[in-house]
Amino acid sequence: MDELLEDLVQKYLPFTNQGQLANYIPELTKVDKNALGIYVVSSDGKSSFAGDYQKRFTMQSIIKPILLLLALMDNGEDLVREHVGVEATGKPFDAINYTDQALLSEHLNPMVNMGAILLCTLLSGKNYSHKFQRLLELTRNLSGNSEIQVNEAVYESEKRTGNRNRALAFLLKSQGIIQDEVEDVLDCYFRACSIEADCKDLANIAFVFANRGRRPVSEERLFPARYAHYVNAILMTCGMYDGSGDFAIRVGVPAKSGVGGGIMAITPTRMGIGIYSPGLDTKGNSLAGIQVLEELSQKLYLSVF
Amino acid sequence: MDELLEDLVQKYLPFTNQGQLANYIPELTKVDKNALGIYVVSSDGKSSFAGDYQKRFTMQSIIKPILLLLALMDNGEDLVREHVGVEATGKPFDAINYTDQALLSEHLNPMVNMGAILLCTLLSGKNYSHKFQRLLELTRNLSGNSEIQVNEAVYESEKRTGNRNRALAFLLKSQGIIQDEVEDVLDCYFRACSIEADCKDLANIAFVFANRGRRPVSEERLFPARYAHYVNAILMTCGMYDGSGDFAIRVGVPAKSGVGGGIMAITPTRMGIGIYSPGLDTKGNSLAGIQVLEELSQKLYLSVF
Amino acid sequence: MDELLEDLVQKYLPFTNQGQLANYIPELTKVDKNALGIYVVSSDGKSSFAGDYQKRFTMQSIIKPILLLLALMDNGEDLVREHVGVEATGKPFDAINYTDQALLSEHLNPMVNMGAILLCTLLSGKNYSHKFQRLLELTRNLSGNSEIQVNEAVYESEKRTGNRNRALAFLLKSQGIIQDEVEDVLDCYFRACSIEADCKDLANIAFVFANRGRRPVSEERLFPARYAHYVNAILMTCGMYDGSGDFAIRVGVPAKSGVGGGIMAITPTRMGIGIYSPGLDTKGNSLAGIQVLEELSQKLYLSVF
Amino acid sequence: MDELLEDLVQKYLPFTNQGQLANYIPELTKVDKNALGIYVVSSDGKSSFAGDYQKRFTMQSIIKPILLLLALMDNGEDLVREHVGVEATGKPFDAINYTDQALLSEHLNPMVNMGAILLCTLLSGKNYSHKFQRLLELTRNLSGNSEIQVNEAVYESEKRTGNRNRALAFLLKSQGIIQDEVEDVLDCYFRACSIEADCKDLANIAFVFANRGRRPVSEERLFPARYAHYVNAILMTCGMYDGSGDFAIRVGVPAKSGVGGGIMAITPTRMGIGIYSPGLDTKGNSLAGIQVLEELSQKLYLSVF
């Protein structure tokens, strides 16, 4: 397995150049475009890895499934469903999901920004600092890495330049869907996107989702199996932005990408996978990362289809 | 003429009840729904009026043509055109005029909020307080009423609750179309909407547009005739929100309505008309106001068509 | 006046090259791109002309105001309004004016294809051949030219290739808005678009609209003044496709263009104008034609604004 | 297993009343709304069934995955991808998947009508009758039932009333995406939708997709495993119309519904399932059918997530 991962990293390293670094915030351009790393946690308790698996990067949209999970844990399935729909929107992640006067929960999805911003308001916590702290704790707990932190430079950069997210949040506010102060909600959201992880962290988190809510080895249950079904299903249909259909065909497992270059891939009952390569394709997904996953899926028959 | 206006006010007074007061900001609901007033300035220098023509109300969207005029005076036609398009959008005044990633000037129009907010940035002035002051001075100058002021309570209310406008402004900012601080730009816009006038003020302003830039009687030129053509044309095609086509058929003159209940109607070469009745139809236009204008247009053959 | 027209034709002849011939049906490409002609009928009964004013061309969308007029004459204003709205759509002439399951009259407009196709069904007549014949007779009557005919080659070409119009008609049918056979309705529509006229015909028709329903000189009334207001208002707001706002500013009169290269311009109470130059701008309007009209409007103060 | 299926049918039979029969073609309303049947084929070669599993119904949209499969078998993956995209559209099955002038393959999806109509043109065959015959043969072959036929009454009804599909096809034609005669293409499509099957047929077909292209028991390969991945992935993301996300969470297997009341569900490597109950929910999916599947999935741990 280690050998296979090593081969894949070597094979696809040259393709890292074909991707584009995310440039919507300045901080994200300050990374090595040629990085490529992978970490795999298997149900037999073994771990394998190759390449730049120790490089840290901000999770960005990869925090969305964890945000969704915490919202589910705090509120239950029905209430979350009532606020944020579950259908694919057929639009980019930062889309304004409606064009007329009404904005309904069915226009929203936990994997697009507008839905994720709304999820922040559903988290328990006495204020947004507290809500965020609970999200960070859950992330640490899922990954088993208590040292996970926010990248402050990225956070500041997001906060300073995140005007489209501000627009989305003010739309929610103008519709009465958000009651709280927009900047408070966004502060939680921007911090969440700026949480830093490495491939191992993603693989460990992914494994808990793959294992339907139980930790590797100890099988300690962290959340109900039902929520793993919920999150995994959403990731399969919407996790890779408007490249989700393509990814379902080529790789065939629930996964979430972030513009920081990470992909967290979940092979139910079998594996958690974390990948990093910051060069993105036109949909905003890690280009070499998907290539590695596609071949890994074929070699190991990972597709659930 | 006075008699005709008096008759029209009496005839349509009962209909004021059918309209709805604007309720998007609390302050606007604190008015007498049964008010109905009209003031007409004619090219022969005579003035006529009836009903509640002395009641003051906030101009709201009626400031947009003056904002456009000042932008034209400050920048010329070409530069304004380059930033803000002139085609009807077919959408409500507070619409998000695009659904995908690009926002082009052709999606904007000076009579919809997004375009009007952008126009604020084009005004000359060393800061937004200065820009606004110049707009207020122009309004006073056009109307010949140096006492025109902002209604502070409405302004505060707009500022506090104007989250949809905030969303529109942050969209402009996120696209790089606005460089300045969003709250500064909006402060100018909210103040502009909160300028208070009465029917006489509107009629006097309208007359200058009708007279292609010259004052009544003295014929003093305040701005080039060309800009009157520009503004009047935009008002004809887009001045009454998505009721502009209907108004063109029924009344047939350039006009601008505001959710404060005012309508400023321009009959080129002949008259300036100001009307007030705060009950609005479903498009957001003064319900009884349009009725009065329709009959006035038929009686006096005002339609340019 | 003849001299002025001659000068304008000479001045703008070189610009005919900058336009593009309509190519959506093969027949329309078989014309001389450098043609430019104008014919003006004035209220004093005089006619003036210059250039290729005798060249014949198909009316295409210029038939729409006549189609609207006949629908109004056959059904009255209320019924027509109930079926086909009057607001600018903010979309191209062949747009599908709705994206969801419901198609309402307010999505339609007499100057966009979908609305015009629906208008065909409102014409009186025992069948679509009869409906069309009545439209042709009205066109002849308005123009005073009893020899006006369909260009059969263009008609055949339209019929053979008009699949987007077929799609629009089947959408109307699938919504139950059209009851009759789609091909019958479209046959009427395609014939209507293929009616051939010259600048003099357009000028004469335009004059009747300018004169609010009365013929030149004889002042014989052909239709109620009310319908002229209706049609002229629609032309001002929507007559030049999604270039209507621009045209209102630059020229300032109700007008209708067709992709055959004609423009029919109406200066209320004063003139009827027919122009022909088949090179189109990006909006589908005669490029040199608009240039001539813009200067003519400035020279003769034609703008209603 | 038979007992479990029997229990589920009894339990959910009362809910059949809550659904609505499809009424878009008259023929579909002539069925017993209280029917509910299920048939399951397992990888161990056993079959189980309960309720009205022998009732025949038209496949409607359930033919789409088979149409996609045949297009893949005839053309390979790349060519099919080039013509018809794979992303969820976020819109209803009969949506017009674009609003502007360009229609791109990425606006299409094999599970929405516009994409499926286009797939018909990709089938091999000397004419549309031949293309359809090949599709019918494949359906018979996959199901192992050589008696599968078109329901002629439904086919006639579809053909007579299918004007929205006509509109969609003419849009494709007007964009040059379809070259052939629209009525020929639609005839193939309408026949395909009118193919009649029962629960057993659907279960057998589903099993071949679940078994990645091989028949039950004999393990005879009918098509490459790759195409099963392709079709199953599309079904997971888009198979249940704009209820696909909800179905992924609640049931968690690739499935395709039809407005005839059938659902074909695929549990990879394990089972093929056919369900029938003609009462539909608001999304157009069999209401009681989904309820049965949801509980079956929970009881047997069918979800791939």
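Letters A, B, C and D mark the chains as written, and numbering starts fresh at 1 in each.
What we mean here is this: a contact is a pair of C-beta atoms (placed from the backbone, for glycine too) under 8 Å apart; a residue touches a chain by one contact, two chains touch by 3 or more.
All of these numbers come straight from a predicted model, not from anything done at the bench.
*Asks:* Which chains are shared contacts of subunit A and subunit B?
*Replies:* none
*Asks:* Following contacts chain by chain, what is the lowest number of steps it takes to reach subunit D starting at subunit B?
*Replies:* Contact-graph shortest path, subunit B to subunit D, evaluates to 2.
*Asks:* State, to the nearest whole Å, the distance from the C-alpha centre of subunit B to the C-alpha centre of subunit C.
*Replies:* Comparing mean C-alpha positions, subunit C is 32 Å from subunit B.
*Asks:* Averaging only over C-alpha atoms, locate the centres of subunit A and subunit C and give their separation in whole Å.
*Replies:* Centre separation, subunit A to subunit C: 55 Å.
*Asks:* How many Å are there between the centre of subunit C and the centre of subunit D, using C-alpha atoms for each centre?
*Replies:* Result: the chain centres lie 47 Å from each other.
*Asks:* Send over the residues of subunit C in touch with two or more other chains.
*Replies:* 91 - these are the residues of subunit C that touch more than one other chain.
*Asks:* Graph shape for the chains shown, where an edge means the two chains touch. Line, ring, star, complete, or other?
*Replies:* Ring.
*Asks:* Pairwise, which chains touch?
*Replies:* The list of touching pairs comes to A-B, A-D, B-C, C-D.
*Asks:* Can you name the residues of subunit B that touch subunit A in the complex?
*Replies:* The touching residues are 91-92, 95-96, 99-101, 163-164, 166-171, 173-174, 182.
*Asks:* In the complex of these two chains, what residues of subunit B are touching subunit C?
*Replies:* Residues of subunit B touching subunit C: 85-91, 109, 228-230, 232-234, 236-238, 242-246, 248-249, 252, 254, 268, 303-305.
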